[in-house]
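Read from first to last, the chains carry the letters A, B and C; within each, the first residue is number 1.
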Amino acid sequence: MMRLILRNWTLSLGLALLALILLMALSAPILYPGDPYAMMGPPLQWPGTYPGAPLGTDSLGRDIAAGIFHGARVSLMVGFVSVACALVVGILVGAFAGYYGGWVDDALMRITELFQTIPQFMLAIVIIAIMGPSIQAVIISLGVVSWPTVARLVRSEFLVLRERAFVHSCIVIGMSDLRIIFAQILPNALSSITVMASVLVATAILMESALSFLGFGDPNVITWGTMIGLGRSQLRDAWYIIAIPGLALLVTALALNLVGEGINDAMNPRLRKRKI
Amino acid sequence: MTARRHRSTFRYIGKRLIHAAFTILGIAVINFLLLQLAPGDAAEALAGEAGTADAEYMESLRRQFGLDRSLIEQLGAFLLRIVTLDFGWSFRHGMSNWDLIMDRLPATLLLMGASILLALIGGIVMGVIAARNVGRLPDRLISVGALLLYATPPFWIGLMMIVLFSVKLGWVPTGGMYDVIGGKTGFAHVLDVMWHLALPVLTQAFFYLAIYTRLVRAGMLEVLNLEYIRVARAKGISENRIAYRHALRNAVLPLLTVVGANIGTFLGGAVLTESIFSWPGIGRLMFDAMMQRDLNLLLSILVLSSIFVVIANLLVDLLYAVINPTVELK
Amino acid sequence: MAKDTLLSVEDLHLSVSHMPEARILRGVSFDVTRGKTLAIVGESGCGKSVTSLAVMGLLPEGLTKTAGHIRFDGTDLPVTDNEAMRKIRGDRIGMVFQEPMAALNPVYTIGNQVAEVILEHENISRAEARERVIALMREVGLPDPDHIVDEYPHRLSGGQRQRVVIAMALACNPDLLIADEPTTALDVTVQAQIMRLLKGAQAELGVAIVLITHNLGLVAQVADRVAVMYAGRKVEEAETRRLFSAPLHPYTRGLLAATPRPGRRQEGELPLSEIPGMVPSITEDLRGCRFAPRCPLASDICHRVIPEPRMIGATSVACHNTTETEAPA
């Protein structure tokens, strides 16, 4: 396993970057124990000019580094929790549709398609509008827009896997459907689901940042999107305020995409040379 | 044979229309259910900060949504309103929601069309260059570029481009659709709009440019290994002709379905792009509605955008069937 | 090189580019006479398909010709110069491949694809090309040529598609047709039709054919000469009847014994006997004969010295153990 990770530079780079972000998120309360929204120095200090804030301060004298560290917590948490919710729903829907086929499949897939037809970001906004801006609302809205992707992938995996000999032998020995679905077929689909999940987490993090940027996120927590949104008014003279959290988002999303691609390459060595 | 194909084409279109109608019905039901989730009195939620929340307005909302009747009757009333294109009244804007949305739609369509076109052309060009140089420097640069673009928040690229191209270099305006002061007409007006369109289109297109580049590259590499490409080589056809005539068309056809599937995401992205660049489309309208807590307008935008996606998907499917001879219409 | 020799391959060596020890062809020579059919037979992996691709200048990326000459109609074929080879491919040398189902581009009509090769090599109008295509369709036995010309490939059967591929290969009246397993992917009844079509075209147009196959039954029916290949080398070549009646190389004998031949089983010969052992890999360098490890007759010299092809009667054979006495009079 370790050798596999080292040989696959996409995967190792992705995991290293992800570990870095995770470390930032975990160390935020230790390194920056105070409220990241609190003023801690003179306003609008460029990165590297004010010793107390290596990444500079914003228009209200808030430490940008503190925001980046605390923002990592929110970004990762929202990304992973919302995708976890999407996985639960998507796997259930996709597994039943793919395993049973027929009208079950038809009905479940019609509903899935329906959710894919509605513009995702708009749906997320409306859900937040109805639930009120809170971190829960953001997570739920991102989960609602992400599950159809999971359901479709799981279904297509199940459609293939249910025709395999091991499934037939399970049926022959009288194993229950639920056991076949979750104990026999699902483990075989896990690698594809993992690849998709890491890309979905990246998408969810980007979407969360977009919602916060527009000001639709939870006003009580700081996220990278919020920081970019707040920095917009200083676009002309203090563009570092938006550049830094944007880079943090880029690195996080890149790390997750690299991990997904790396796992994919490791699973299909034949395709490796086609990718970068 | 042609007559047979025509008949089956009509049957196919009919089938797709029925499917589309059911999808729209489903969208309406989902919207209705969303409305039921609103806490407290639905009329209050709908009114939000939009109206002055006077009793008369609340009463009109209750009547309009049939809130005093049973759920089934409410759903029926909701569907009836969608069929009759009655999306209610926006007090904030002093217009009916339908007129408001239709008024803003052309700007969004312009932005969407231009960015899809740019992403498609750019993606095809980049993907073909990468595939024809697979493993060499141009391929590596393009692939790394696509990977980076795919991971970058589009709205952030938009802001960064404003910093560079508008603030630092002063090449393009920071926002809006045309010069308010200039009052240009005719061709000058078209040029002015295109000028304002540049950054929003780039912002909106970059993410899809990355996706399409990767898809075209993978598709080209797959097709170039197929037997019929070897046969074409054995016929003495030049490598350029093989790439552009034989491989490209087969590699790009599947892309069309992807574009169809992306239309909804494009509309969602328009909320961001239009908010950043003050582009007067439905995305900007949605942002304003959100800020004003105008739930009725928000829901109307969501329903109409979804219906738009259904229609666009239908057109893309038909187009795909027309230009791909291997699709037998059923 | 005799006057009526059309294609002459001399001492052809092929290797994997980044792995020169992986030698795919280790000195293969053969001649193809104008208007005649040479069959190249052997197990999969023996190098027979790659030989034909080398002649076409279509070696897959990563393979290089390291030595040898390929002469066509008196001049060296510029196999590494793609632009020069383009003028020859499709015009003077046509090729038919193994997989008719995958050989046609799904998004263009059949007529369009056949016309493409004519328009590429000849200076004629589209209308003339279309007339030629329809005539070709008729010649290769496609039903209703006037309509089928506007059909897309997915509406045709495998046999029909192979006829289209043959029409493409013959469209410019080539001197040479290379057919790489042209019937392997087809039903048995269709196989016979396709071979009859190829033989008919040969009789009519005087085209020489290189038939690459592992099907000895097919060879016996259509080939004038047969070259047998084993692990990157040619082990035996003779006129077809001679090779079948008096095979000299132990590998050829084993191959023939492994082929079911109704009513022709020789005494003491096991039906469908398999040749024991494994084919040496392309990287394996044996000092002697590459068949020696599996050969029932192998002696000391076979393991030490590479046998060079020599003429025994009218048969060319590369074996230390074959002597004049074994050759039929």
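Convention: contacts are C-beta pairs under 8 Å (C-beta built on N, C-alpha and C of every residue); 3 or more make two chains touch, one makes a residue touch a chain.
Note that the coordinates shown come from a computational prediction; the quantities given were computed from them, not determined experimentally.
Colleague: Pick the pair with more C-beta contacts: A-B or B-C?
Modeller: Output for the comparison: A-B.
Colleague: In terms of CA centroid distance, which chain is the most far removed from chain A?
Modeller: Relative to chain A, the chain with the farthest C-alpha centre is C.
Colleague: Measure off the straight-line distance from the CA centroid of chain B to the CA centroid of chain C, and report it in whole Å.
Modeller: A distance of 54 Å separates the two centres.
Colleague: Using mean C-alpha positions as chain centres, tell me how far chain A is from chain B in Å, no decimals.
Modeller: 22
Colleague: In their shared complex, at which residues does chain A touch chain B?
Modeller: Residue list for chain A touching chain B: 110-111, 113-127, 129-132, 202, 206, 209-210, 213-216, 225, 228, 232, 235-236, 239, 242-243, 246, 249-250, 253-254, 256-258, 261, 273-276.
Colleague: Hey, which residues of chain C end up touching chain B in the complex?
Modeller: Going by the criterion above, the answer is residues 56, 58, 82-83, 85-91, 94-95, 97, 99, 102-107, 109, 116-117, 120-121, 147, 152, 154, 165, 168-169.
Colleague: Please output the residues of chain B touching chain A within their complex, sorted ascending.
Modeller: Against chain A, the touching part of chain B is residues 22-23, 26-27, 30, 34-35, 37-39, 45, 134-135, 139-140, 143-144, 147-148, 150-153, 155-156, 159-160, 162-163, 167, 218, 221, 261, 264-265, 267-269, 271-272, 275, 286-287, 290-291, 293, 295, 298-299, 301-302, 305-306, 309-310, 313.
Colleague: Which of the residues in chain B come into contact with chain C in the complex?
Modeller: Where chain B meets chain C, its residues are 1, 226-228, 230-239, 246, 249-250, 253, 324-326.
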